[in-house]
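All chains are identified by letter, namely A, B, C and D, in their written order; residue positions are counted from 1 within each chain.
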Amino acid sequence: MSSESITSFTPVFASIVSLLAVLPIALLGKKPNLREGATFVAAFIKFGLVLSMLPAILAGKTIEYTIWEIVPNLEIAFRVDGLGMLFGLVASSLWIVTSLYSIGYMRGLKEHSQTRFFSFFAVSLSATIGVAFAANLFTLYLFYEMLSLATYPLVTHHQDKEARIGGRTYLTYLLSTSIGFVLPAMIFVYVKTGSSMDFSSDGFLNGHIGATEALILLLLFTFGFAKSGLMPFHSWLPGAMVAPTPVSALLHAVAVVKVGVFCILRVYTGVFGTDFLQSLDLGVVVAWIAAFTIVVSSLIALSQDNLKRRLAFSTVGQLSYIILGAALLSDRAVTGSMTHIAMHAVGKITLFMCAGAVFVATGKKYISQMDGLGKKMPITFAAFSIGALSVIGLPPAGGLISKFYLVTGAMDAGQSALLVIFLISTILNAAYLLPIGYRAFFPKDPKLAAEPFSWKNTQEASWQCITPLSVTAVLAVILFIKPQLLLQLAGLMVGGNG
Amino acid sequence: MIEQAPALILLVPFFVSIFVALLGNRFQGICFPLSVLSLIGSVAASVTTLGRVINEGTIRYRLGGWEPPMGIEFRIDALNALVAVAVSGVGLLAAIYSKRAVLAETPDKVSQYYTLFLLLITGLLGMVITGDAFNLYVLLEVSALTSYALIAMGPKRATLAAYKYVIIGTIGASFYLLGVGYLYIKTGSLNMFDIHEQLIARDIFDSPAILVAFIVITVGVWIKMAFFPLHAWLPNSYAYAPTTSSAILGPLMTKVMIYVMIRLTFTVFGSDFAFIQLDWSDIIVWMSVVAILAGSISALAQTDLRKMLSFLIIAEVGYMVGGVWLADDMGLVGSIYHIIADAFMTLCVFLFAGIIFVKTGKRDITALDGLFTKMPLTMVGLLVGAFSLIGIPPTAGFFSKWYLIQGGVASGHWEYVIALLISSLINAVLFFRIIEIAYFGVKPAEGHGHHDSDTHESGPNEASFSMLFPLLATAAALLVIGLYNQDIVAIISSFVSQFNFGVIGI
Amino acid sequence: MEIFEAISAKFNFWIYIIIMMIGLYAMIAKNNLIKKLIGMSIFQTAIILFYVSIGVKDGASIPILYHDQVHPEHHDESHGDHSAHSPSTDGHDSHAAEDRYLPELVVDGNDFANPLPHVLMLTAIVVGVSTLGVGLAVTQKVYREYGSIEESEILEMIKSGK
Amino acid sequence: MSAVSDFPDWGDPNSPANSYRLSQHYVTETIHETSVPNMVTAVLADYRGYDTMFETVVIFTAGIAIIGILRRFGNDDKDAAKPTLYTKKPDLIIDTTCRLMIPIIQLFALYVIAHGHHSPGGGFQGGVIFGASFILLAVSRDLQAAQKWVPEKRILNLAGIGVLIYAGFGLGSLLLGQNFLDYAILHKIMPATPIEARSHSMLGVEIGVAFTVTAIMFSIYSNLASNGSMKEGL
């Protein structure tokens, strides 16, 4: 597909700009305002860089840059295409809002070690963009590991017992799967093909391996990128919810988990090639695993009282939508899953930020405590509702678009049985998300219900918290109205398969 | 002087060691600077030599000016030039580290300590660059005697460990000597290359004596390198020795022995004999699998930091032995690369353990409480070493695993690949346990208002520069070795490509 | 009979093997640290015997030239003849015929035993002595630290002490 | 052990080890190339001089190692206060015999060292004999008496100088532009032909070896005997 490619340093710079920002952030540790200033500058530069590449990508070109060959035939290289662009845009734009939000959150709670927090946050973003723009499996793996490690201090930020356990689970799952599954799979691919493992639009494994090997590799890759939260390697994600909310919001709703599914998408489309997988009929296996994950995680989510944990399980389910879409291998389904990356990101980050805002303002973590809070925090809960709608896939939020594509894609692929799954899970989504907003505004307790609403009584968190979540809520709506950009980017990837 | 660089590699530390012995008692202060200077010289000489080897091919240096089978020669090709650089480099870093550690641990025997230290490095370097099988034995004993002493100079428990090491080490060296005797009896030569030529000329590869020689030499070398069932001497010796001793022995002793194994297997016996005629690679790879797993699992059971690291060495030895015996280009490349990489990795973690021991006087991993706050830079050093041992890119350890696994995949030894991965995971568990303790031990003070008190300001208590510098330099070296692995592998390949294996890698 | 001949013709090797096994046994099985060291010494000596026996040739003498051979008459002329050349050559090419000491002397290889094993063993003996010395020193320090040189007692002490 | 059947017979002059050009070369060419009739010495100190240098180093190392392991500096009052068995005057017969013997032994040792070129002997053998003379002194009187002759510092210096002498010959040839230990080049600074220079250098080297061996032998003995305190002993 990529008939034209431009060599440019921009993708590299886009990735490392936040890495470079670590230096000023660490040095300005004593001056919080300047430090956060540095974060913002980096975030905007990053977003600008990503944005600057957009026209070229939309014109059907790719941007490439090779840093150096590190192992024979294998180089650290960057390449920006539609999928990478889509993901890069999502991650870098949401970094800006999250930065603002983290300032509000961290200062609101007077957290310790904020310098460390912001530094590693920047590193994580670097790794995320690195994954998005990786040109080959090796570079992808490199940044994938970097992300796992850089987020560890963020997850365990509180440094208490709970954080220790959560962090331990986090690393155990992520490292053991990546070293245990992805690394050998990758080396196997390397040995078998002897190639540079560059992603190409129709895969490069075709013709190199047989069906059994392909199945094993597929499973190794699918489970190996455990960041995608596919069951049974999902339990790190709820565990990681011990992290401060901005971390959960950006990393565990957007960056980290999306990196997982992004990697899987990349491997399916770029390494195996959809045609190859289709010819072997392997997608079905993964599709059913994903379907299983969707249903089970939704059921678990229902039973959670801790808001963040509920959201985490919701994320597990939603991620599996993306994998499911990819595994269906039909054009529409793949488009759907790509757009779902963005849609879910925007929706879920809103939800997480709301959860964080509630915690900052009231110190409440549990859903059962939130009855009637809507009156105290109307903006927050309004945003929450929009986010919830988006995640469920109801108008007027963007989630509908991607779900639509997924469902039609499933039909295209002839997997009508999976339609039932979509149906069930949507109901379940609604069941675990809608009541929260509903009860916040319309509490059961008549005493709370009777309380009159007045703007004066509101108890919102600081403006740094509220602004970002409003922005993302609005964004979710905008994406519903104008999803063209995303679809176009996704189309770039799918179109090539013809 | 460039002509003489091969000899200078080891002569510089050798001469200085004698001066240290002569003058050190009177002027204790000169021991450290002299040692460091001499090792700088040695590094310079070995780098020069490596440069020459890359440009000109194998260098032959005839000692005493005699023609090789009569006299002894240094025969330096890509393999030993590279290993020599690594050995002298590690020696230098350990020497810098030693400044405080020696004063703290063996205050009354500084000059003896440095004499032995330099002689040890001399012995190791000599083993690496020599081309004579018997000379290798002599230098083996030089390094062995020094290491016995360097270990025995430690505290109470080290003495017994050293005793065990004396006994087992002597058995190993004697086996080697015996094997050389067998070879000599059959070929009449002691020069490694000449032995090989004689073996071909006389066509006695299927003679039982050669077979026995091979077995005896291999077993002897295995004992010396602590290959799994023969490893009993290692953990206690390294765990209780003075920290500088373990910082130099841990990385180098076993690695040099691996080099010796590669050298003897390939240069003396030849790959055809070892891999095609004997066809033992399956068995030995399985043994190495057992070694890797046993080493890793035993490491899990340790709470003593250095003991844990010692068991890791055993696992790493398994990596390398297995890698060599995969009978695959890539496996051999991986093993040789791992010699270099692992020398620095092990140095890195042992330096860390040393710093902790000297600073806190504790050897347990619980001594690491809250170390991220107290010694952030030290922890950075450890992190790089740990990541390398786990195999996280772009550290050197990742790439050595990369090549080794590639060799395993290409030669179809899946059990080896799996063992390697399991061991990586166990390493991950081990080091994250340490990191966890260091990270969680002391919670930094909560921020107050807008003036966040920062972790880095709450009283870091770093190790002194002379300890920190080598640690960080090693960490940097690990990254450099990792990032420039392509170039290193190119050098190694020029050695490996002499041997054509059945399976052709990439 | 063949077996017997095989044994008798190579008795040196059998002897060394037996001695070596004795040494190895002592090193492994003995409880007393000093006895272990003695075993080690026996073990090394066996190898030394092995080497030296390689060098034996039937009917050969010790590898030292006879006095008459070296000094057939007083070596004035050979000496003077020699120094005339030396400054011109770089002293490296010692194989050049005119640069040889006593060029007319012909030594028969079969007259003298092989010197090389002797040289090697001189080294090995020295190494053995050194190892033994260090081994004894370590043992002494073990005794100083633990007050015993019985391995089992020491291990007991470590177990109970820690 | 099946390998044994494969070995050459006892004393077989045609065995590979004996017939290969290596040993033949040593036997037939030694005198021409080095002007030393004792082939063992020539091989030891010249052909394989590098080995031998490290052999000396092994000895030296052992000495230092033992000091490193055992030596206890400073006053260990516990031991010193203990009355020893050996405080009484030495026996007259032993004393006199030793007094007579020691010079003879030492003289013989010097002969062995110096005559190593022509007859069995050399630095190691001579050094050991020389060292033994001191040990005899220490045994017959006590360690203190021997210490008066050769105090520890001097021992160490002696050992170090011995190695230095050896290595110095090597370094000399290196500095004169030849490879390490290529004695022939030393004729430039010696009144001798290149080949004789080899012979002379070998003597020098042997002396160095003797220094080290003597010193270390006694050092090992005294350390082991006194348990590192260098005060009393056997």
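Everything that follows uses one rule, which is that a residue touches a chain if its C-beta (ideal position, glycine included) is under 8 Å from a C-beta of that chain, and two chains touch if they have at least 3 such contacts.
Remember, predicted model here, so these are calculated numbers, not experimental data.
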With contacts counted as defined, which of the two, A-B or C-D, has more C-beta pairs across the interface?
C-D
Between chain A and chain B, what is the separation of their C-alpha centroids in Å?
43
Distance between the centres, which are taken as Cα means, of chain C and chain A, whole angstrom
72
Rounded to the nearest whole Å, what is the centre-to-centre distance of chain C and chain D, using the mean of the C-alpha atoms as each centre?
15
Averaging only over C-alpha atoms, locate the centres of chain A and chain D and give their separation in whole Å.
75
Interface hub residues of chain D, defined as touching at least two other chains:
1, 5, 7, 15, 17-18, 22-23, 26, 48, 51, 55, 58, 61-62, 65-66, 69, 178, 182, 184-185
Residues of chain A that touch two or more other chains: which are they?
none
For chain C, residues that touch 2 or more chains besides their own
54, 92, 94-95, 116-117, 123, 127, 130-131, 134, 137-138, 141
Using the contact definition from the top, classify how the chains connect: line, ring, star, complete or other.
other
Between which chains is there touch?
A-B, B-C, B-D, C-D
Chain B contact footprint on chain D (complex, rising order):
1-3, 5-8, 15-23, 25-26, 46-51, 54-55, 57-58, 60-62, 64-69, 71, 73-74, 153, 156-157, 159-161, 163-164, 167, 170-171, 174, 178-185
Could you list, by residue number, the parts of chain C that touch chain D in their complex?
6, 9-14, 17, 53-60, 62-65, 67, 69-70, 82-83, 85-86, 89, 91-92, 94-95, 99-103, 105-112, 114-119, 122-123, 126-127, 129-131, 133-134, 136-138, 140-141, 144
Complex contact set, residues of chain B against chain A
387, 390-394, 399, 401-403, 405-406, 409-410, 417, 421-422, 424-425, 428-429, 432, 436, 439-440, 443-450, 452-457, 483, 485-486, 489, 505-506
Note which residues of chain C are touching chain B in the complex, please.
20, 24, 27, 33, 36-37, 40, 43-44, 47, 50-51, 54, 92, 94-95, 116-117, 120, 123-124, 127, 130-131, 134-135, 137-139, 141-142, 145-146, 154, 158
Touch list for chain B against partner chain C, complex:
65, 67, 134, 137-138, 141, 144-145, 148-149, 152, 156-157, 159-160, 162-163, 166-167, 170-171, 174, 177-178, 181, 184-185, 190
